[in-house]
């Protein structure tokens, strides 16, 4: 239970049975549960055994619902339609943490006004996740507009010299905006987890005012 | 003045004159000033013109001092002696932001107890910067011990297949700890800036308690 | 005399004597002359023999002046101060072709309004050269604002995972803007030459109106 | 409607339904429509809903026909038979812009006279697209023969050390011909779009003669 | 029979018949037999012809059992569940050599106490094999705890910038622990073979005491 | 004192003063001392303060002598003259451990009989270090001749597509000999340390005969 | 008909019909015919239309037989069983040229005596083709034994850090034997073609004795 | 004395004394002598001790002259002025073998007629060496014109994405001409040695006419 959250199951290469068993134990402890990288077939098997669970097809996640009220101030931004699967993994991770993010879609840099027009919606965010493939330029633009940390998630979207996300990754690491940090290619989970952690710190601080 | 801080001068390829002029303007506006990537010769020229300024030889930074009290909860950790220049760039950046970090040195993973023995010093940190070269494994270990975001700064320290920091960068991007995010190789400034931003959010939240 | 312009001398590895001899021959034929990659020492030697010639220190070019009136509509944009040497190679190449470009400096994407505020100056351009290092995102933004071809010139400016311009090159090749094409890293000459050729086509068309 | 043309649909990862809807809207606005990266199955679905549309199997494009007369002077050249799919994407893009290119096939450099014998057909071209895989040498040869801009499109054709088009891409970026510029691997659409834009500039200039 | 062991069959690209024939010959010579990289189908064919043979599904190995007593002191450690196939190839190789290793599972560095708590079980080992993917940091930690040679086996487990095991390989080659050496990605066989050879040397030395 | 040996000083980036202080402490504890990557100037400074110390110019090491008798069975082999600096770093490391290796020089694979003719000298070795640059083929040949573990040390010797040792490293990782393991490029120290550790295990076993 | 041989058909991406047509034309001109990269299905289609043709399953070639006597002195050597497909492409290419090579199999360097024992069979060869994957060391060994040109063909055989033949390619390019030259990964055809050309030169010289 | 020629000294990292000693021994045996990679200073030292020797500054070679008549039919071609140092290493190697090549300079592909106009001079060649940097396209063009083997030598000439000769190397390996084979980057010596060996075979055949 590092960071106050129970361990998340990385579904790749784990059988449905293994995952169900882990979820059962977490439920017994009163914990929430999330598994990532769950394909449709495995999702169906989980759903059959855990009918309350929520399978997200696009995000390839499975999680147990929670009846807690949502909290947190996190933004989630995508450059294009093809970045959606990674963004949905991020969104489901945030929901598992109890956060419903401000979600802004399809504002890639080739339409240069698109991000700017919606940036005001993110002015309260404690952290903003920016998901982008191809040249990965959107986090730099977002970093220029925003005062909070920007967590850039490169995606493997693209072709040719995108090299399965390497071009986007390098672009983001070399961002000329100082408030941009980067996670692994297609790591929607990690981007969301970090943004959620930052928002949690802020939430805790609000209830622990500086004396 | 993105993020509440004035723009930092990237010194590489700028003349001392150019930098002095920028600093003068910032001083006139009552702003603080920081320049990075300042070699010894340029540092001497800056010092001659701006005798109050602080040149840090190892960190290759030049900044104007501030008489504000320090604030913030940031940790700064290095794996080995050779990572010190990048860590000092980070430390000077934090000081420019007004933060004196908890600094833990030389606790690389080959001495597996070293980090664990001092981890308790970081339990209050809002964010921890981990600077490491070679295999870049220290952020994963730190991420496992800590509940807060870990900002990993790979360094170009090493030889042979370290490829000037690429091995460390890849190790950090692939960290199995969920709370680790990464900035560019040798980007001490960026790592510090992000950690400072997170701590600033937390500070502001303390004075804006949840109603 | 491909493309109506005499051959340009690539100065790297050629002696001043060799270059002077080529220039002499070109002058005899009434041709203009340009040499690129000329360091300060070689520049001085050329200047001594060809006192009318113009050595550009930053752009590392040497060219013979022309008394022809300028023509053409070409834009030249840089992301940051460190991209200037490559931009100056481009500008001197354009001048050698007889073109004085509209030059817009230091409008990198981290200051997201900077380019947009000046984009109107480029509305008449037949082609725009965008010179940028680090993440190389500026050509995408420019491509989004402009209706003409954008010729992106990646520079080797940056550190760490910029890999001497590879990050910028990949970013530009993967630009989500359809009107962006790319030349080699630091190839200010090529970017300018192509922009000049496009503008020349347009000029010729104006004097050959569609019947 | 950047550059006077409506947005083109990148079909990868979009459903037939999504694409049909975009096309419907474009038709309502009286716009032309083009979608790229459309496989056979999606092509059939589009054809069923939009029976006037033209599916190009080799080029994997779908576009709505236009009854406008053709215009423009663009050349399109391929090195070998295997480069045809990328060339057909380019040709369909040009047709969508209203241009029927001069098309020269299978003139790769190993048959050194092949290109030269047909180069005269391209003497009027405003821009020439050269599509080549393997060592990507054809654009250099074309650049040597032609006075206009050459837009090189590397293809992922080849095996072994061709690295899915990287060898061709690098060859083209390093072309010793000054009038060669490059787009992404397999980016037939981009190559065509840029050539079309250049030709459009020239066309517009003909109707706006220099006063 | 290099190193006292008969040649092992690398099953990739060999037919079941070829492998059976080699095994038959080895059995006739009284030798043990091992084949690696045997998929399920080939495994079934081998089992049908050699019913005494042991097919290991996860490790993808097939070997003939031996009635010799086990010997040797070798440790085998994995970072995560997904590294198991490579670890099982290693374990079956050790069994073929006659060694039953001390096997410690799922002690990756993000759970920083996990390895340390079990390290005492390896204090007698002549060599320890550490199998890990992602950032490949576990061998460094193991190297810090142990006094014997550590043979690191990187696995192709991971996604994005793990590049099919390259990140782990580089991490291991750059280990700051002096007693870590590395074999190829996914080379469970090689890691085991080397550890077995070292343990054999030690065994032989025990029966040849220093005079 | 991992593995029974005191920590070795990696001299790169450490001042002579720092190293002298570490050596002084080790001498006080009755420990041996070794520093690697010591250039000529730093070597002279160490020699001035520690006149008993042995500076090895080619191997760039500095160590304190020991009056213990030598022990151990380790082989050390080089492919060519240019591999000597790395081999000398390895030899000095072995000497610091108390081992004088069997040293065979200049037996690269292009002279195919060279290694075979001397292989008999290594028949008693507990481990053999093979140092080679360029194509790095010698460890495979050695592995084929020998029954013991072969520790391959790639060197950065070569030009062009040797890529500073990458070609040799890859060759060694892909060795078709099962008893070959690999350390970092130019890592003479590590190769020696591992070989010494193996030989130490064997030595200890001789004094602890199987009961 | 460059080099006296008709053009060879690279079958990848060509339909059976296209290939049959080319073959028909070549037969009409009295030429021989060869197609490479022909999979089983395409091979069957060719065989159905051209029943005299010879399909080689392993080598994936299809060629028309010739009734000319064989000529030439070419050696063909493989390192391991898995290199056979590439070697068979080479052998069929040689047969199409009229040459039956001396074929030596499975003499990889891990069995260091294997090549040496058979090298005498190649003493008359005008050129020797060496096909090897993994570390690609065999051409160096062959180059050391032989006085004639050695044409090295790297194969994509291997796993992990073999990177689909890159390790072998680099090894061969960096061979310390002076008489080794290299063709593309898996380029059995090219290796054979070059060896055949060399042998043809020698044959022609025999009938044109120095006067 | 592989291949009938004494061993050539690779001068990099060898002292003048070592080289002089090797040369003295070769002279005593009546052998010819060649050393490559000899910088100006070492060249002067060699010249002082061996005053008959020939130092070639551009090619960085030192060789002992021979009074034998020249023989052989080898072509040597360069793309540009900057490829000259590598070409001169090749030419001096050929001279050491006794061959004076047909030398054609500065016929790079951007001037597409240049090579074709001089190709006839190479019609008798037994092998042609083509030295080229940047995109490395010249060997393909040469291969298309010539019937003999073409040995391509990539040079590290270029900038940006030429990656010190990698672009040229890849271009040459992927040549669409069947008669092109490749040696290492800047390996003028190797290219020449192979061409010389081929010509030697042909010479020997002339004196051994087919019976």
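Structural remarks
Going by the order they are written in, the chains are A, B, C, D, E, F, G and H; count residues from 1 in each one.
Quick note on the criterion: contacts are C-beta pairs under 8 Å (C-beta built on N, C-alpha and C of every residue); 3 or more make two chains touch, one makes a residue touch a chain.
Model, not experiment: these values are computed from the prediction.
Touching subunit C and subunit E together: A, B. Both subunit E and subunit F are touched by B, G.
Distance between Cα centroids is largest for the pairing of subunit D with F.
Ranking all chains by how far their C-alpha centres lie from the centre of subunit E, first place goes to C.
Between subunit A and subunit E, the centres computed from C-alpha atoms are 37 Å apart. Here the CA centre of subunit D is 52 Å from the CA centre of subunit E.
Centre to centre, using the average C-alpha position, subunit C and subunit D are separated by 25 Å.
Listed for subunit D are residues 2, 110, 143-144, 160-162, 166, 169, 173-174, 177-178, 184-185, each touching two or more other chains. Of all possible chain pairings, those that touch are A-B, A-C, A-D, A-E, B-C, B-E, B-F, C-D, C-H, D-G, D-H, E-F, E-G, F-G, F-H, G-H.
Interface of subunit C with subunit B (complex): residues 81-82, 110, 157, 159-162.
The part of subunit A that touches subunit C in the complex is made up of residues 79-80, 108-113, 115-116, 134-137, 140-141, 143-145, 158, 160-163, 166-168, 170-178. Against subunit G, in their complex, subunit E makes its touches with residues 2, 10, 12-14, 18, 154, 156, 165-166, 169, 184-187. For subunit F in complex with subunit E, the residues that touch the partner chain are 2-4, 8, 126, 143-144, 147-149, 151, 169, 173-174, 177-184, 189-190, 193-194, 197-198, 201-203, 205-210.
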